[in-house]
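First the structure, then my questions, so here it is.
Chain naming follows the written order as A, B, C and D, and within any one chain the residues start at number 1.
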Amino acid sequence: MMANIKKIGVMTSGGDSPGMNAAIRSVVRTCAFHKIECVGIYRGYEGMIEGDFISLDARSVKGIINKGGTFLKSARSKEFMTKEGRQKAYNALKAANIDAMVTIGGDGTFTGALVFNKEFNFPIMGIPGTIDNDIFGTSHTLGYDTALNTVVDVIDKIRDTASSHNRLFFIEVMGRDAGHIALNAGVGAGAEEILIPEEDLGLERLVDSLLRSKKSGKSSSIVVVAEGDKTGKNVFELKDYVNENMPEYDVRVSVLGHLQRGGSPSCFDRVLASRMGVRAVEDLINGKSNYMVGLLNDKINVTPLEQAVKGKSEINKELIRVSDIMST
Amino acid sequence: MMANIKKIGVMTSGGDSPGMNAAIRSVVRTCAFHKIECVGIYRGYEGMIEGDFISLDARSVKGIINKGGTFLKSARSKEFMTKEGRQKAYNALKAANIDAMVTIGGDGTFTGALVFNKEFNFPIMGIPGTIDNDIFGTSHTLGYDTALNTVVDVIDKIRDTASSHNRLFFIEVMGRDAGHIALNAGVGAGAEEILIPEEDLGLERLVDSLLRSKKSGKSSSIVVVAEGDKTGKNVFELKDYVNENMPEYDVRVSVLGHLQRGGSPSCFDRVLASRMGVRAVEDLINGKSNYMVGLLNDKINVTPLEQAVKGKSEINKELIRVSDIMST
Amino acid sequence: MMANIKKIGVMTSGGDSPGMNAAIRSVVRTCAFHKIECVGIYRGYEGMIEGDFISLDARSVKGIINKGGTFLKSARSKEFMTKEGRQKAYNALKAANIDAMVTIGGDGTFTGALVFNKEFNFPIMGIPGTIDNDIFGTSHTLGYDTALNTVVDVIDKIRDTASSHNRLFFIEVMGRDAGHIALNAGVGAGAEEILIPEEDLGLERLVDSLLRSKKSGKSSSIVVVAEGDKTGKNVFELKDYVNENMPEYDVRVSVLGHLQRGGSPSCFDRVLASRMGVRAVEDLINGKSNYMVGLLNDKINVTPLEQAVKGKSEINKELIRVSDIMST
Amino acid sequence: MMANIKKIGVMTSGGDSPGMNAAIRSVVRTCAFHKIECVGIYRGYEGMIEGDFISLDARSVKGIINKGGTFLKSARSKEFMTKEGRQKAYNALKAANIDAMVTIGGDGTFTGALVFNKEFNFPIMGIPGTIDNDIFGTSHTLGYDTALNTVVDVIDKIRDTASSHNRLFFIEVMGRDAGHIALNAGVGAGAEEILIPEEDLGLERLVDSLLRSKKSGKSSSIVVVAEGDKTGKNVFELKDYVNENMPEYDVRVSVLGHLQRGGSPSCFDRVLASRMGVRAVEDLINGKSNYMVGLLNDKINVTPLEQAVKGKSEINKELIRVSDIMST
C-alpha cells in the first residue's frame, strides 16, 4: 500500500548516541531520493510541541555522518506526557504539513510515540538510538558499537597504568539495567571480572576470583562493573569491600560516565544508521507505521513498536561463558 | 564424541589481520581452561616445517588482546605446497606431541590445511583471519571490522583537506576480489561513489554522477575504489580519465595500502576472536575436524572447511542501494 | 601606537593544515573581545578578489576548534599574481570596509601578502599554517604537531604488519624541501632509517645499514622517506634498488599522501592557534603590520614577514644524531 | 671529564606516564651505542633494594616506543626512605656492578635520588616523567603532551553529548598542585571556564560568567577543573553550588581520573624521551651527576636536581589571558 506521504519529520529524543546524525542524514537523503520533503524537529518532543522545525534538503546534512551527538539536539519533555502537550505537538506538525515522522531514540521515546499514534493516528517509524543496546528487536542499537570501542580504548589506557603499578581497578561503565556494554567491553578489554545486572556473581566469588588471579601470577586486575550490577553495590563500595577483605591490593576506581556517549561513530554505526534511515522512510512511504527498524540476523528488519517496548534484549549467555574461560 | 586431545598447536598464516593475537590468546586460554597443553607455531606452515614452536600457557598471552598483527608471525610457505614439505611438518608436529591444531588465516591457509588433513588425518579447525571479509561461512572475518574503522578514519582525514580545497579524491582500499571494505567503508565515510569488483558501474556513469554531484552543489567528492574494481582501471588511470573528461576538477589519488592491516583491534574483533577461539578448541576436544568457525546470524557456528574454501562471500546488494540513495 | 582598526578580515590560503579553524576562531573571538568587527574571506586570495566574504561573530565559530581543514576553504589564485587581480582584491576589501587582515598560510601566502601590502599599504599579520614546518621564525607551524601524530599513528599500524611478516617498508611522508616531518615522525615511530632532503645518506650506506640491522637480529624494518630526499630517488625506485641489491628482503612501499593534512588538531596545535590568533589581532590593533606570529623559545613572538619568507627553517642536527643512536 | 662508567641502571618511579618506555629504550640504546652495559631496575627503589634487575640490550627494548606505562613497572618505596633501605639498595647496585643510574620520575623520585647520591656518592641523572608538568627545569615533562591530547579527546566526546542536551559539565582533570593540564587542555577543548590551583576565580565570578555565557547564546558549557583548584571545592560540590544558584542549568560531572595516565605516547613525547635518554647517558659517561635533563627553549639542557626539586614550574599567565579572550 502506498501512503500519500509528502513531508516527513525526523527527530532525536532521550539520551544521545553516536550515529544519530548519520541516521538523520539517511532519513533526509532518502526523502530527497523519493522527492519527499523532510523537516528536522529540534529537541525531541519538546521542540515538536513548540513547532521548532527546520527544513532539510540533501545538502543540509553534508559533513555530519562522522559527527557524534545529534545536531537536532535531544531533550526529555514533561509536557508531552500530558494530553494537552501532545495535542499541541500534533497541531504543530499539522500546521507544518508534516504527514509522518521518524523518531530516533530508546524505550521512552517509543512509548511516547505509541501513545501519540494511538491518539492522533499519526504514522511513525522508530530507529533505536542508544548506547545501552537494551532494545528488543535489534541485535545492535545505534551507538552501541561505538561506545564499546570507546570503552575498550579507555580501559586499554587504564590497563597501562594498572600494570605499571600492579593495581586493581574497578571501572564503572554505562548500562543501568543492561550489562551489554560491561560484558562485551569487558571481554574486549580482557577484564579479569565483569559484574552485570543480569547475573549475581556474589561478592565472595569476586574476592575468590581475585585471589586466584593473584596466585596465578596476575599482577594487575581490571574489574568492569555495569552501573546497575546485581551486587547492589556501586564501584566505591566495591572498592571499600575489597580494601577490607584484600588489604594487599592497591585498589582504584574509575567511573567512565558521559564520555561513553560521545565520539565519532564507528563504521558499523554509520552503515547501520544509513540502512535504518532508508528503511524507516520507505516503510512510511509504503504505508507502514508503528514499527521499529532493527538489525536481526545481520539483516534490516522491523518489529512492532509495541513489542520493542515490551520485550527485553537478552544478554548473550555464551559470552558470559567465554568471559569466564578468558579469565583463566 | 570426545577425542583424546592433549596438546593443541595454534598458528597464523597468510596476510595478517587485527584480532589474530586475540584469537591466539583465546585458543591458549581455552586450552588452559580444559587443562590441555598449547603450543604456538611460528611463521605459519614455514615454522611448522621447521618445528619452530613455543609452549604457551595462560600467562604467556597476557597483554596481547589489544595488539595488532600476530606475535606468532605469518608467512607464505612454498615448501608446504610440496608433499615433502608437508611430511616434514607432520613429523615436526608429531615430534612435539601435538595432536591437533587451530589455524588462523584465509582461503590459502585453509586449502593447505585441507590437503594436510587428507594426507595425515590431522585434526584441524580454522578461524577466518583476514581484513577482506572474503570467506564463505562467516558474516565477519577477524580484522574486517577494525579495517573498516581504520579506513573511515583515514577518509575522514582526507575529507578535511578535500573539502578545504574543493577537490575530487580517488581512494584505493584493499580487497582484490571482494568489495566488502570499499562498499562498507565507502558508505561509512559518506563517499560520493564506490567502485567494487562485483559491479560494473562504467566510466561514463561515474563521470555523469560526478557532474550531477557538482551541479547539486557538492564542492568536493570522495570516490572509494576497491583494488580490483570492475572498471579495469586503477586509481591513477581513473584520475587521468577524469582529468581528461572533467578538466574543471582538481583530482587527487590516495592508495591506503598496508596501513589497513594494522592497528589495535576493535571491540567487535576482540570479542569475535575470543568467541571463535573457544569454539575452535572445544570442537577439537569434541572430536570435530575440518571446520571453520564463523559468525552466522550473530551466532558462533561452524562450516566445513571445504565449503568455506569453495564458497563465495556475497556482497550485500541492499547496501549498494543504500549507497546510491545516500549519494543523492 | 593605536591604529584605528574597526574591521579585520581573516583568510586561509595555500595547503590546508589542522589548526587553521582554531586560528580563525581565535581571530574572530579576539576581535569580538576588543569590539572589532570580523569578516571571513573565503578561498584565500581568490575569494578576496571576488569579495566572497562572511561576517563572523563569536558564536559563528563555535564547535570548530577541533575540526580539521578550514571552513573558510583555501585556494591558490593566479589572478592575485597580477596587479589587476590585487587591485580588485583591494577594492573588494575597501568596499567591505575591511581595515586590516590576518592571513593564515605558508611561504606563498606571505609572499603575496607582502606584495599586496607594498602596493596598497594594507595592514597584514601572518600566521604560519602548514604541516611541513618549513617556515622561518617559528619553531612550530600550525598543523605540524598534528601531522606528526598522524604519521606515527599510521607507521605504528604498518609496523604491526611489517613485523608479522618480517618485511622492509619504505614509507613516504610529506615535506618537499624539508625533512622535519620525516625526521621527527621517523624518530617517534622508531624507524630504522630516515631519508631527508637536508642530508645525503647515500644508497650504499642505506644498504649497509639495513644489512647491519638484519644481522643484529631485526626482523623487520621501517625506512621513512621525505618526498624530496637527497638520494634523488622516490620510494618506488628505492624499493627496486633494494630488491636488486638485497633480494633476501620482502620490500613494500607506502605513500602516506594527503591523509597527513587532515584530522582533528592536537591539543598543542589548538593552543598554539589560539595564542597566535590573539597576538595577530592585537598587533594589528596596536598598529603593527607585516609581521608573522611565531613560537620562539616557547613564547609567542613576531618576525618580519620579509624575514619569514627569506629565511630557512633549519633541521635539528641533534635529532639526526639521536636518530642514529636509536637505530643501534 | 670522562668517568669510568661500564654499567648503567635505569628505573622508573612514582606515578607512571606515557613516554617512560620510550625513555628506557633510549637509555638502553644509547648505552649499546657507547658499548656500555645496561640494566633495568624493576619497580623503582623497591626493586632496587631487592636487586630485582634485568640485563637489557638494544634488541630487548624493540617495539616499546609506542607503549604506554612502563615495562619496568613503578612503585613507591617506604623502605627507601630509611637509611637501612638505601644501604640495601646501594649494596644491590654494587653487587650487580652498576656504576651509575638514570632515574625517570617526578619530584619524589628526584628527592630520593639526591639523598642517595649524598650518602653513597652514586652518579645519577634524572629524567622528568609525569603527566602533571609540575617540574622546574623543563618546559615539558614526559607524558604531559600525551595527557593533553587524551584529555581534549575525551572532552571533545563529552562536548558531543553536552551540546546535544544543552548541559553544563564540570570535568575534573589531574594536577593536584598544578593547573598545567587544566589550563592547556581547557583552552584546547574550548572550555568556557577553567579552574586551576594557581588562580582564585571565585564562585560568584564563575556563576556570573556562566550566566553571561547563557545570555550570549551558548547552549552548553564545559568547565574544566584541576583536582586542587583554588575554590576549595571539588567538582561534586561545584555541581551542587551551581544547581542551587542556577537551577535552570542541567549540570553533570565527569572525573577523568587514571585514563589520563595511559595511552600510546604522542610523537612529541616519543621524540622528547629519545632525546632525553641520550643526554642522560652521555652526561653520566662524561662524569656528570645530579642533574635533570629538561627541555628549555626547545633545546635539551640540564638543571641541577636540587634546583629541579626546589623550583616551581610556573603557569603560563599569557595563556590564562588567551583563555579569557576565547570565552568571549
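One rule holds for everything that comes next: contacts are C-beta pairs under 8 Å (C-beta built on N, C-alpha and C of every residue); 3 or more make two chains touch, one makes a residue touch a chain.
To keep track of the chains, here are their UniProt names: A, B, C, D = ATP-dependent 6-phosphofructokinase.
On a predicted model such as this, the values are computed, not experimentally measured, just so you know.
Asks: By residue number, over half of the contact pairs should agree; on that basis which option among A-B, A-D or B-C is the same interface as C-D?
Replies: Within A-B, A-D or B-C, the interface duplicating C-D belongs to A-B.
Asks: Could you label the chain B-chain C interface same or different, taking same to mean over half of its residue numbers are used by both chains?
Replies: At the contact between chain B and chain C, which are copies of one sequence, the residues are largely the same (over half shared).
Asks: Quick one: chain A and chain B, Cα centre-to-centre, how many Å?
Replies: 28
Asks: CA centre of chain A versus CA centre of chain D: separation in Å?
Replies: The answer is 35 Å.
Asks: What whole-Å value do you get for the distance between chain B and chain D if each is reduced to the mean of its CA atoms?
Replies: 39
Asks: Using the touch definition from the top, which residues of chain D touch two or more other chains?
Replies: Chain D, residues with two or more chain partners: 156, 159, 163.
Asks: Mind listing the chain C positions that touch chain D in their complex?
Replies: 25-26, 29-30, 32-33, 58-59, 62-63, 65-66, 139, 145, 148-149, 151-152, 156, 159, 163, 184-185, 187-190, 216-218, 264, 266-268, 270-271, 274-275, 278, 297-300, 318-319, 321-322, 325-326, 328
Asks: With touch defined as at the start, can you tell me which chain D residues reach chain A in the complex?
Replies: Touch list, chain D to chain A: 12, 15-16, 18, 20, 67-70, 73-75, 150, 154, 156-166, 169, 219, 252-259, 261-263.
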